[in-house]
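As written, the chains take the letters A, B and C, and residue 1 is the first residue of each chain.
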């Protein structure tokens, strides 16, 4: 398996996770024009919750499969609940406020959640068990792509397809698209905007939680701060693809993952995070609308 | 009154994606003239203003200005603030005052491009800077007196009644010492009494301050009273131009505003 | 008995939070030692805490809705107090005296803390230029702070130049970086501007951390000399006192300069920029010039603070210049009331000094920050002290008199 191929699949794996996270950012931004700074923390809480449930169940002697399923399900439910709650506390009261206020509130929530987990748990890096379902079928491809990596890529792909179908064909999906285009008008035609917004946060948080579990299982460790770096990178991916655009978030995630992988592989691995930030800065300066986004004209 | 032109627009074209907002529009304003730009909603009037003031860049065509003191300029690629500094000022259709600032300060902002104190001046507050500040304050107050807003001088702009806010927009634009004033629906939302006062004010501005004025308006009575020359746009194209008498009887104009039956 | 509605709602909210925080608060996991600890008492804390908070909140909101006043119409009692010359003048004199004799009363340790607080006052005032006056949301302010600190440390290390030589150098380099950062972001709106500045700051920090040949990496630079006092060698106690007075002088300088800037032609232009960028340009203001000026001037104070910080602690490393720092400085500006100089000073002193003197809360400092930011934005977005506009006075004479 040559070096290029390794880097490629490793980049694909990273990219899938970024895509999952980026979806949450892009959906919220599309509807509320808000950068949900706390989204990275939801991802981290999802991973932590899975860890906690898994640890407890392990001690009680549950089977591996049961642990994986239960930990995953509980983590997703909890992340969705956290996302829902965060929106109600920090963003809903500020819907009519000038743009600066919800942004600062989001930063405050991000800081709060990070420290909440750090104080309630620990500031150390904790080893993370492998919560990926073992599928022997995947071992077949291990010369090309590792089984855990394959799980991640496939899971992400399935989730993204499901999301796209949801947005396109369900009533709620249509309501979400309408609200993203014109919130007031959607309200006037009878869309329950509050419910749409809550659903957006719930879905985004659920995806983030799965992403969190996947990546923590893959890297084998977790700590309260992983949300910050992953969050910034996922936001980069969302912007790269065109903020507000769901296919854009997916594309952006993959592009970022691959770029990072190849850059760290061929240029330098010390500056891994720098590549993501540099990419972010460059895109925002030269093409703020992103790859798939459209520049919007303001009526003067 | 000299008959030199101050503004010349030649074949101005602007597209938004697939939509043609302005299609080969031509316009001419003479010195000391009050001209009006009318047309149904969505005709492209404000879009034209935005092109003139540098907010939009036209896709084709030219905009030339001929300041009374100074040389001719082509406005096409200039920045918004450069165009204002050259002497074209505007008001906005949706009021865009600095609502958290006082009435006086709003007008003082207009004086920015006619003053020069910089960072050093701000910090040191030397005599030159202090004199300039005093001058700015006095000049701004004088403008408020002309417009009739001096009683509101220290009130916050957002607390003003609607009609006063519209007049403050004009005051602010005047502070930039323009030779050409673009008014975007100055009478919108005004009652007949306020509109009458506005009419008097616009005459006063033209006569006392030697301004040329182009206004977008829907209030036909005001337009017919004020304008010496009227341009009519519909769907981005010019459909008529002429004196108020010409326009009043022009079938194309009547059709655009009222539909086919009315012109019969 | 309308109160039962609120009680029921609070009960529901308490239950929700108990359930929500159950895994993280109650179950502590340690996979290194393979231990799981159950802390059931936390359930009660969460329950009682959220019940009480939500109940009080509902009462507060009910009261606020009943009273006719809006938020913007009420001037805070603090502001009314400060406006009263009978109070403000003696208060100012007392503060001045206290500031002067502070080092003579308090211990070496406390002088150091106060000096740190003053550094944050300066940082808050500097960021206030960008965020409060010009409305440019800079989330990467700490980068300029780092430029100041590292330029002192490195230029001193390589060329042996002293504090007083390098202080203006640090300031100028920071200003230069301000323009460098400001230039590409001129077109960007609020959120985008925030993220790009954050990105820039992180890039700078990562470079400092990894480019060992240049910056000595994570281990940082030590043995940075303290500022010289006419060539005399000072003991560490004397140096601390010297540092304190230096900081006081520079803070006063910052206050003076920023006040002047605020009430000047460029201050008004910044105000207009913040209110409505398009209308601002339409009135003839060159937004490029004033945005770059805001970045440069804001960055300068961070640079000065950086040099002073390096000289005070004699050791710097990249860990002092994280996003958390930027967030904290931003908190100071926001909580203080954007644009308000006194507000920023109070906020900086509160944020730095309170955790020191309320030791029991120090672990929770960041947690409370986060909560304070959220609460502030919801209940009092204008900050502790809303900014007050200067009033101009007129008597129909040829010259005008401006008050305050």
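The criterion applied here is as follows: a contact is a pair of C-beta atoms (placed from the backbone, for glycine too) under 8 Å apart; a residue touches a chain by one contact, two chains touch by 3 or more.
What you see is a predicted model; the values in this text were computed from it and never measured.
Student: Of all the chains, which has the CA centre nearest the overall CA centre?
Tutor: C
Student: Of all the other chains, whose mean CA position lies farthest from chain A?
Tutor: That would be chain B.
Student: Take the average of all CA coordinates in chain A, do the same for chain C, and state the distance between these two points in whole angstrom.
Tutor: 30
Student: Could you work out how far the Cα centre of chain B sits from that of chain C, in whole Å?
Tutor: Whole-Å distance between the two chain centres: 42.
Student: Averaging over Cα atoms per chain, report the distance between chain A and chain B in Å.
Tutor: The answer is 49 Å.
Student: Give the residues of chain A that touch two or more other chains, as numbers and ranges in rising order.
Tutor: 300 - these are the residues of chain A that touch more than one other chain.
Student: Give the residues of chain C that touch two or more other chains, as numbers and ranges in rising order.
Tutor: If we look for residues of chain C contacting two or more partner chains, we find 278.
Student: Residues of chain B that contact two or more other chains, please.
Tutor: Residues 55, 92.
Student: Can you tell me which positions in chain A touch chain C when the two form their complex?
Tutor: 33-35, 45, 48-49, 51-53, 55-56, 59, 74, 78, 81-82, 85, 89-90, 93-94, 97-105, 107-117, 119-122, 124, 126-129, 228, 232, 235-236, 239, 270-271, 273-274, 277-278, 280-281, 284-285, 288, 300
Student: For chain C, which residues count as touching chain B in their complex?
Tutor: On the chain C side, the touching residues are 257, 260-261, 264-269, 271-272, 275-276, 278-287, 293, 297, 389, 391-392, 394, 398-400, 402.
Student: In their shared complex, at which residues does chain C touch chain A?
Tutor: 16, 19-21, 23-25, 27-32, 36, 42, 135, 137, 139, 184-185, 187-188, 190-192, 194-196, 198-200, 202-203, 206-207, 210, 278, 323-324, 327, 330-331, 334, 363-364, 366-367, 369-374, 377-378, 381
Student: Could you please specify the touching residues of chain B with respect to chain C in the complex?
Tutor: These residues of chain B touch chain C: 53, 55, 79-81, 84-85, 89-90, 92, 96-102, 104-105, 108-110, 112-115, 117-119, 121-125, 129, 132-134, 136-138, 141, 153-154, 156, 172-173, 175-176.
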